[in-house]
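Going by the order they are written in, the chains are A, B, C and D; count residues from 1 in each one.
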Amino acid sequence: MSIHGKNFLMVPGPTNVPDRVLRAMHRNSEDHRSPDFPALAKTVLENIKWVFGTTKGRSFIFPASGTGAWEAALTNTLNKGDKVISVRFGQFSHLWIDMMQRLGLEVTILDVDWGEGIPIDILSSYIAQDTRHEYQAVCVVHNETTTGVTTDIAAVRNILDRYHHPALLMVDGVSSIASIPFKMDEWKVDLAITGSQKGLMLPAGLGMVCASEKALERSKKNNLHRVFFSFEDMIVNNDVGYFPYTPSIPLLYGLKESLAMLMEEGLESVYVRHRRLAHGVRRAVEAWGLKTCCKNPKEYSDTVTAVVVPEGFDAQQVIRIAYEKYNLSLGAGLMKVRGRVFRIGHLGDLNELMVLATLAGTEMAMLEVGIPIKLGSGVAAASEYYMKTSKQVRGLFNNV
Amino acid sequence: MSIHGKNFLMVPGPTNVPDRVLRAMHRNSEDHRSPDFPALAKTVLENIKWVFGTTKGRSFIFPASGTGAWEAALTNTLNKGDKVISVRFGQFSHLWIDMMQRLGLEVTILDVDWGEGIPIDILSSYIAQDTRHEYQAVCVVHNETTTGVTTDIAAVRNILDRYHHPALLMVDGVSSIASIPFKMDEWKVDLAITGSQKGLMLPAGLGMVCASEKALERSKKNNLHRVFFSFEDMIVNNDVGYFPYTPSIPLLYGLKESLAMLMEEGLESVYVRHRRLAHGVRRAVEAWGLKTCCKNPKEYSDTVTAVVVPEGFDAQQVIRIAYEKYNLSLGAGLMKVRGRVFRIGHLGDLNELMVLATLAGTEMAMLEVGIPIKLGSGVAAASEYYMKTSKQVRGLFNNV
Amino acid sequence: MSIHGKNFLMVPGPTNVPDRVLRAMHRNSEDHRSPDFPALAKTVLENIKWVFGTTKGRSFIFPASGTGAWEAALTNTLNKGDKVISVRFGQFSHLWIDMMQRLGLEVTILDVDWGEGIPIDILSSYIAQDTRHEYQAVCVVHNETTTGVTTDIAAVRNILDRYHHPALLMVDGVSSIASIPFKMDEWKVDLAITGSQKGLMLPAGLGMVCASEKALERSKKNNLHRVFFSFEDMIVNNDVGYFPYTPSIPLLYGLKESLAMLMEEGLESVYVRHRRLAHGVRRAVEAWGLKTCCKNPKEYSDTVTAVVVPEGFDAQQVIRIAYEKYNLSLGAGLMKVRGRVFRIGHLGDLNELMVLATLAGTEMAMLEVGIPIKLGSGVAAASEYYMKTSKQVRGLFNNV
Amino acid sequence: MSIHGKNFLMVPGPTNVPDRVLRAMHRNSEDHRSPDFPALAKTVLENIKWVFGTTKGRSFIFPASGTGAWEAALTNTLNKGDKVISVRFGQFSHLWIDMMQRLGLEVTILDVDWGEGIPIDILSSYIAQDTRHEYQAVCVVHNETTTGVTTDIAAVRNILDRYHHPALLMVDGVSSIASIPFKMDEWKVDLAITGSQKGLMLPAGLGMVCASEKALERSKKNNLHRVFFSFEDMIVNNDVGYFPYTPSIPLLYGLKESLAMLMEEGLESVYVRHRRLAHGVRRAVEAWGLKTCCKNPKEYSDTVTAVVVPEGFDAQQVIRIAYEKYNLSLGAGLMKVRGRVFRIGHLGDLNELMVLATLAGTEMAMLEVGIPIKLGSGVAAASEYYMKTSKQVRGLFNNV
């Protein structure tokens, strides 16, 4: 019966595309070599820098995914055999490390239990010991979408600064940028990476990288192969307002619109809104008597919550029932935590009632699987929090 | 903050337009006199008859609203000064009666308390006494959207049959057709009326009438003025697949698609779905300790529930907070019940989570106004019911 | 084969809907009683007055067609049995007259050959002779879409002024408003009528009327029946930003956008553009050695050209071939001129190449029917004119 | 003034996106890990094989551009330092060769004058002399979009067969596949490459490759780096109906729809249509007294015609005027032929009138630049050809 009405898309990406953005993308192709095209290209290339928190960096938009953006960051700045250091605390950090290895880099991997954040002390000791500066890069995931654990990037920066280590700081901000605070310039991130299908509220199809001057310097002499993902080809073309090959024009118009929406709201408000919605979800988990996968409250992600099902239950069943009975799309547990967690994505174009509907659907699905929670308890806990922190707004329509 | 995410449109019309229908309507205009046009016109004219429950009737589609369809039904079949009888039990029956009077008809009005259904016995006695058959028409609203009260049309038919009364039976099915059972042929309805913006899941802009053979016969000699709403002009043009003036082409394509959706689901399933969603809402109202405006459970509407707020509270405040804080659109109390009720529309393209989100939003709004309900209680009551009656489905995407 | 690529919609309405307007209309329904709705309603009600050339008049937007707007103008201001005078010079003036008669008015009809404009002298003598002021209204079509003949409304106004005649001046501006100059206040038009599907570049579905203060005064006491088309109901609701019944919300958003486009371009530029495109078409007709249906060059319509096919040929065949072979929609000859003319609509969202493609398609279709024209001659004649009068512009994309 | 009406997008890609495809892409994101997703993935992966002319090959769809598909073909099958042979006869063959070199391959480049096709005899002699089979691949562009020259791939295949040479045959079919005959299995192509924005009538954003069994075999042991473009990762995921990273869902839905359109038409009809439209353009060029860049009529491209402007004129001026005055987008001359040619793309969703409008616009633009052509001559020549070869069709609307 759930085939009727809206699908509740609550996976941690791709996120819901606002109607305004869908409308902006509904257009015929146009000549990407026309004299009018640069106005579009330059607008989006400039405006995404604001989302990354950089004025000094250079932005790149590849017609690819976040995976492509990872590859662009690595291949444009490193050399075959380079040593890099990274932390593995979920599937996405795992996959990025796997890419590094397949590209011929030598990776020092710090493994932690999934649900824990990056071990600042251990990382620090590795950096401290690397007095010959063999590590060419420190690669960290800002928000591990697998577990709902967020990394303190400023703390990582501090380690490098403390030891005057010249390694590039590469940060995967795929599920954080445009949703929780990201401050590329302040944190001196050298390569910040994101995709279009999360906080930017677009379909997948754009992989974005911002590079610091130091990263750009390295890209002039490094030797990993790349053509499609070449910074240099992009720079030559972007400088005059074009792309080296045919860009995905609807996505660029969509990006222009989603950036306009973020600007209208203001990044600080965007962050507050994500935090508030996330708090509600965590209140619900507490009310259900369950645990989040993320162990340390300081590392709670404001974009995704991985909920641990009690011993003896299969989280995959919860997800299947939520989808097949209630048209609710929850995120699966990945790899090590498969079957043990389900994930609620709470990022992008969301509001209170979308979250509350999700909690209601999750309650029914859990109960059907036999997980002993009280119907309405999570919704009530979240509602109470939202009610206490609500504000009145106006002008929902007509502006746009 | 509610400016983000989806608006929850839960007024009893206009209802949510499915994405599939929105897509079908997104097209340039086309020549409405082309040799290809009749295929579209004939398809929708034929298929809406199925929704009305008629094979014998003739369908009319006016580029107007339900109000226009009322006017078409009256002006095509009655004469100036004709006596008609009607029941006033909410704003829509009131407005239709007002129209009858302004068109020069003499209306016997049976008034009942708003919240009650039509008084079958009283109506019966009027018909019984009208042995000279002065009443040319009995005009009833099938589902009074103001109060959430449904009429037993078969019972009305029985009265006319019992007394062999030849009056036309005119039924406003605006908020019932395509949502709850409507059987034009079985009930021998002479003029059945609906609009596009309710169970048909379209924007407003089409007023539809199905007329029985008897009604068509009357239309050949009656004398009320009409041109725009003329059955005759429509018949001449529809017979060859065209319209007497430029139709609203996007709405016709949208109607074709919404009818296809209803056919895929099957009308019986559509009715079951509406009933099930409505039951959940009524469980919630009960759990809150509140009353519905509709007094008789046999007359509960499966498309709209009017909830009575306790003495001393203003339902308008509930509506305002729901909208301004939670992006939830509830229906206002109209005329006599203004401020005393708010209305939840549960018709059209809806599912369980959309209803549960609505209940959650309503709870917060009521509590903020001071109405003493327990947060989560309504959601839990409805959830429990939905859970027990749920089924698994598949194939939400890709088919269309 | 023509099934591929764009349909060239060159009938004189409905016209091409700009992509920008289609996008603006692609949205879910919303509560038409919400506190945000009046902003939309008031914007469109105010801005269409600008298109009609009035600051003093009052605007009405009915969810209907131009035919409905005709009915609204008549029924709101006249009394049963009133005498009115009108000119019949094509199908649309004919149909309006037919409506007047069916509504119970007594119409003095001035008939002229189709292809001629309104006979100012004859009309003048009728008015002069009506010293008892029996004519309550003079009803004229500004641009007779059947023949491509335009009326000098200022001249009609002058007749009434000269004889101090108080008749209402009603003008059908369906195929003129927003395309060729229309000056309601300057011409003291009392009821100006249009539809959405012509110069306003929307689908059909909105019938619009602007009424002078004098017309509004009359509407307070006249006695023709109307409810759906009631000015009074509209005024009461419009004054607070709402409509008396559910409006077609997508069309209102589309209207807001099309008005924005007209404002960006400026009405004077809109008129110049229509005139220039029309000139090109007329050059082509001349180059083909054919005649336009409109006999007097001073009355040439800048929105539609009816081309007369030579004796012995059937214009319907030209239209059929153009459509079935070249995906080109031309307008048919109507009633008296059926088979004798085909019509090229050149109004709305058009440019030079759309017109030239039309001329090329028309040439092939005419030649196939056997009409002896020279391939390329019409295109060359129009091209030459466009080339000489062209200007450079920029910024086709990205702005919107 | 040209800001009004449709843009005539006549560059050789991106091509016009049919309204039907635009509609299919207008949808919210969905969970790309849902149980319903594989139905979509498998459909498009299977159906594109039909367009490539293969039943034996394996298809890959990367969220990238044609450039990415080039990179996928090379990096998945070759080793660092491998020798390959290629022909440079325009910008696209040039850029692909450049990529090969940057990826560390050793390329034997056969250069010919731009406007000539690939030198079969010379290529043959190189292959004949390579008795030690050092060439690992022969890489050719099927349709050089720069010059409008098409390659006889069967002839290239014959060379390899004649000398029993095991080199992989890689073919860039970006501007040919789905427009002119491409027979992967028959020609034993090992890696066939295309993008979404040409014959497939989509926006850019998908790079597609079909690989033969031989190519897949090589991919298991070759050593060029790739992760984003890895065949292996794709295979593992595609086999169960998913993708290794988030795909661009709207483009997949669009691809499903454009493939449905091609299937409805039939590939043979698609080829005939392209050939017929191309013939008309060539007739026009002849009528203008100009030359095409492609010298050998046997090599004329049916998807793009590069028109050489006479000595002393600047083709860039023609393009600029066409765009800025007439909203017509023509393709620029690239690299060696910049300023000497302009290009008319005639591929994708096109019909006769779109081409004729283009020719009319081109005539005006050329004349304004001073190129002495006769207005209407090209349009007349093309019209004559289209007229003689036209067929009647029906049912343009309503089907979809």
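Throughout what follows, contacts are C-beta pairs under 8 Å (C-beta built on N, C-alpha and C of every residue); 3 or more make two chains touch, one makes a residue touch a chain.
Being a predicted model, the structure only gives us computed values, none of them experimental.
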Centroid-based (C-alpha) most distant chain relative to chain D: B
Rounded Å distance, chain A centre to chain C centre (Cα mean): 53
Separation of chain B from chain C, taking each centre as the mean of its C-alpha atoms, in whole Å: 35
Computed distance of Cα centres, chain D from chain C, in Å: 45
Residues within chain A bordering two or more other chains: 7, 16, 22, 26-28, 30, 34-35, 323-324, 394-397
Chain-level touch network, classified as line, ring, star, complete or other: complete
Chain D-facing residues of chain C, complex: 1-8, 16, 26, 265, 273, 276, 321, 323-328, 349-354, 356-358, 360-361, 363-364, 367-368, 374-377, 379-381, 383-384, 386-387, 390-397
Complex contacts: residues of chain A adjacent to chain C: 19, 22-24, 26-28, 30, 34-37, 39-40, 43, 394-398
Residues on chain B engaged by chain C in the complex (per definition of touch): 7, 9, 11, 13-17, 22, 25-35, 63-68, 70-71, 98-99, 102-104, 195, 197, 203-205, 224-225, 227-229, 244-251, 320, 323-324, 329, 331-332
